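Right, I'll just put the structure down here and ask away after.
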Amino acid sequence: MGDEIDEGLRSELQRQGIWVTSMQELYNWGRKNSIWPLQFGLACCAIEMIATAASRYDIARFGAEVFRPSPRQADLMIVAGTVTKKMAPQIVRLYNQMPDPKYVIAMGACAISGGPFKQGYNVLKGIDRYIPVDVYIPGCPPRPEALLHAFMELQRKIDNQKLSGPNKSDHLDREHPSEYPVPAFGKHDLVPRANPDVFRPPQIERV
Amino acid sequence: METLEQIKKRIEAAVPGAKIDIVNNGSPSAQHSLKIDNEHARDVARFLRDDPALRFDFCSNVTGVDWLDRVIKKTVKTKQVVDGVEKDVDLTSEEKIPGYLEAVYHLFSIAHKHGPVIIRMQTGRANAQLSSLTPIWRSAELQEREIFDLYGIKFEGHPDLRRILMWDEFEDFPMRKDYRPPDDFEWEPTPHDDVLERAKQHYPARPTETELKPS
Amino acid sequence: MSATSSQELEQAPPRMSSRLEGELMEVSLGPQHPSTHGVFRMNVALEGEIVRKLKPVFGYLHRNHEQIGESAGYLQAMPYTDRLDYFCSMTNNWAYALSVEKLAGIEVPERAEYLRIILAELTRLQNHTSLLGFLLSDMGAWGTPLMYAFREREKILDLFESLSGARMMCDYMRFGGCRVDANDDWIAGAKKIVDLFPKFLDEFEDLILQNEIVIARTQHVGKLSPELAISAGITGPMLRASGVNYDIRKIDKYGFYPRFKFRVPLGDHGDTYDRLMMRALEMRESLSILQQAFAQIQPGPVMNPKVKIRAFKPPVGEAYGRIEAPKGELGFYLISDGSANPYRYRVRPPSFINLTILEDMCLGHTVADVMVILGSIDIVMGEVDR
């Protein structure tokens, strides 16, 4: 662990048959190539997620074909589809049950913002109102290629996470919450309507 | 299949006291319907299902409809004698129809392969109640629950009348035309029309003159 | 069928006499569960492994389709119908277009009718193949059948994409015809895929239908009597598996289906195996329809030029139009008040109504069978909850 390895020295050593790496690189290399997603589909996008895992697109090339039925064994939650207000508490609960480090991909317009169903009385306007999201993929539904792209982005993110130092990854920070409050069913809407710790909408400025 | 008039006559003969009206449908589909009264609804439905010539054994679709109060303007052309000369005069009459809720059933016959016959029942918007046709057609079970959930019509005689799509704690009837969704418009990137109006309420107040002045 | 009330139709759950009569254990299956086909939840009361009570819980994907349909114009609702049953966007489009055509009395050009039939039958092929794959993975054959099924599905989705621009959400049909014409290359490509499909079907049937485990898991599981099926409004392959001859393509004679020769497969027992077989047999008939359509289709316009689909205002009235979608009777009930958007827009969802008798079919079976029975109903949550 520690500082970056000198690239010149590393290639020099490699030429001599000595392969040098750091703990951080090895750890992240292992993590990024075995992301286990939670087997969990919500709506239309879930079918594209299955298509990504199936024969033509073959997510196994990225080491992510092991869809786990239990959140306890999963690293990644792909929120694939419309999040309704009735479903949102269950999603937050599933997220809370996942062990750290955990990542979230919001797949499709609905998971990002409610998408075409945004103005509905039972549709949550984006899952980022309750849990933090790492990668957003637009599309309705996004093509399997888009999901693969999101995967590669996530791998890049994992690769760049630091294990120590002031910029170390969030999941290694004891202060950083790994669970978020589950919203309750209210008489007219979910209570609360959004988690202010997670959801900070951009302020509209008047000039 | 018999015409609606024939069916109406036969129902009235078979179910004494039943009030049946034919509701005309002006569109090219020409799917006219029978309005039946709430008290005899189940007897009428049973007759439609069991009559050997009709045998509507398959209730395909159950729909709830919310009609708000509305005013219908009717213009009737009449001939009046004005100043000794006969003239065509348009008489406009306004008819106020109070709002009501409606349940519409689309019936088909699998035995005779005919249909649809459409029956509709009406109830007031406050304290809405209709008799359930689930005992006659099992297929109405989930659909009547859905109407109870979204429109708030209580179906008397339904075996399991609970909310089905919304959660149990929910109190509104969201498919009614006067329903207003909760105010969660704090972040609308591309607002327009009604959404813009509601999103504006979340905009920060305009800065005052003193705030704008450079200090 | 005699006139039986629903109380008489309900059978007493079978009892296993050698079991100890213990307390019931309540288990919630779903909404996140590997084989509940989306966000479907069942509350099950178990005696050991035997299901004694089962209550389905809906609404986890209720996204207000009907309300959106009422606030949007007639044309705007078309892309929303894609997202009802997201496996079969083409048939959803057709059902909606058919209802609006009934409401406004619109004629459809001949070539458009043929294209609609071709696309609907292709949709049926890809829906039924995927269903068989999913059903097998519910039984524990995780992977292989689904991979084969999706390999074929991707080929059909390529056709959809090259025609409409989208893989799943095609938004292809319009009231009064279809959005774009298919060129000869497309027809030739479609014919090639249809020509090769029987080979896959033979292979797939060899793989699954004679499999001992599949037979053991599906025969005499989840029986559905024809009387109960009719009373509960079951439609589609599930109704025909119970031996009721009711195919809307034959009954309503919509589109140009009367011009085609095809048979309606019927089951004898109404069990899960029959429902599975029904899909396999229907695919054979779809292939025959497709071959006839490729032979009959003639050049011509695909859109009725008299229809102004933008700012479309049908006359005051109402219409109920229905088609035989891969999952059953898909109907749209529209009430028009003469304005640019429907006053009432109702979807008659086959998968939702087919779930009415889920409890009746599952009682007395084990939990593992519940998954197979649910899989054989063929539900898509987008349509169940709308």
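Letters A, B and C name the chains as they come in the text, with residue numbers starting at 1 for each one.
Here is the rule we use: a residue touches a chain if its C-beta (ideal position, glycine included) is under 8 Å from a C-beta of that chain, and two chains touch if they have at least 3 such contacts.
Remember, predicted model here, so these are calculated numbers, not experimental data.
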Which of B-C and A-B has more C-beta contact pairs: B-C
Per-chain CA centroid nearest to the all-protein CA mean: C
Most distant chain from chain C by Cα centroid: A
Inter-chain centre distance, chain A versus chain C - centres from mean C-alpha coordinates, in Å: 33
Distance from the mean Cα position of chain B to that of chain A, given in whole angstrom: 44
Cα-centroid distance, chain B relative to chain C, in whole angstrom: 27
Sites on chain A at which at least two other chains make contact: 86, 119-122
Junction residues of chain B, two or more chains touched: 165-167, 174
Contacts with 2+ other chains: residues of chain C: 59, 62, 64, 67, 385
Touch list for chain A against partner chain C, complex: 38-44, 46-48, 50-51, 54-56, 69, 71, 81-82, 84, 86-87, 90, 94, 110, 116-117, 119-123, 140-141, 143
Chain C to chain B touching residues, read off their complex: 1, 3, 5-7, 9, 58-59, 62, 64, 66-67, 102-105, 228, 230-235, 244, 246, 251, 314-322, 329, 331, 333, 335-336, 343-344, 346, 348, 352-353, 355-357, 385
Complex interface listing, chain B residues touching chain A: 165-172, 174, 179, 181-182, 184, 186-187, 189, 195, 202-204, 206-207
Residues of chain A defined as touching chain B within the complex: 85-86, 113, 119-122, 125, 185-189, 193-194, 201-206
Touching residues (chain side chain C, partner chain A) in the complex: 31-34, 38-39, 59-65, 67-68, 71, 79-80, 83, 86-87, 146-148, 150-151, 153-154, 167-169, 381-382, 385
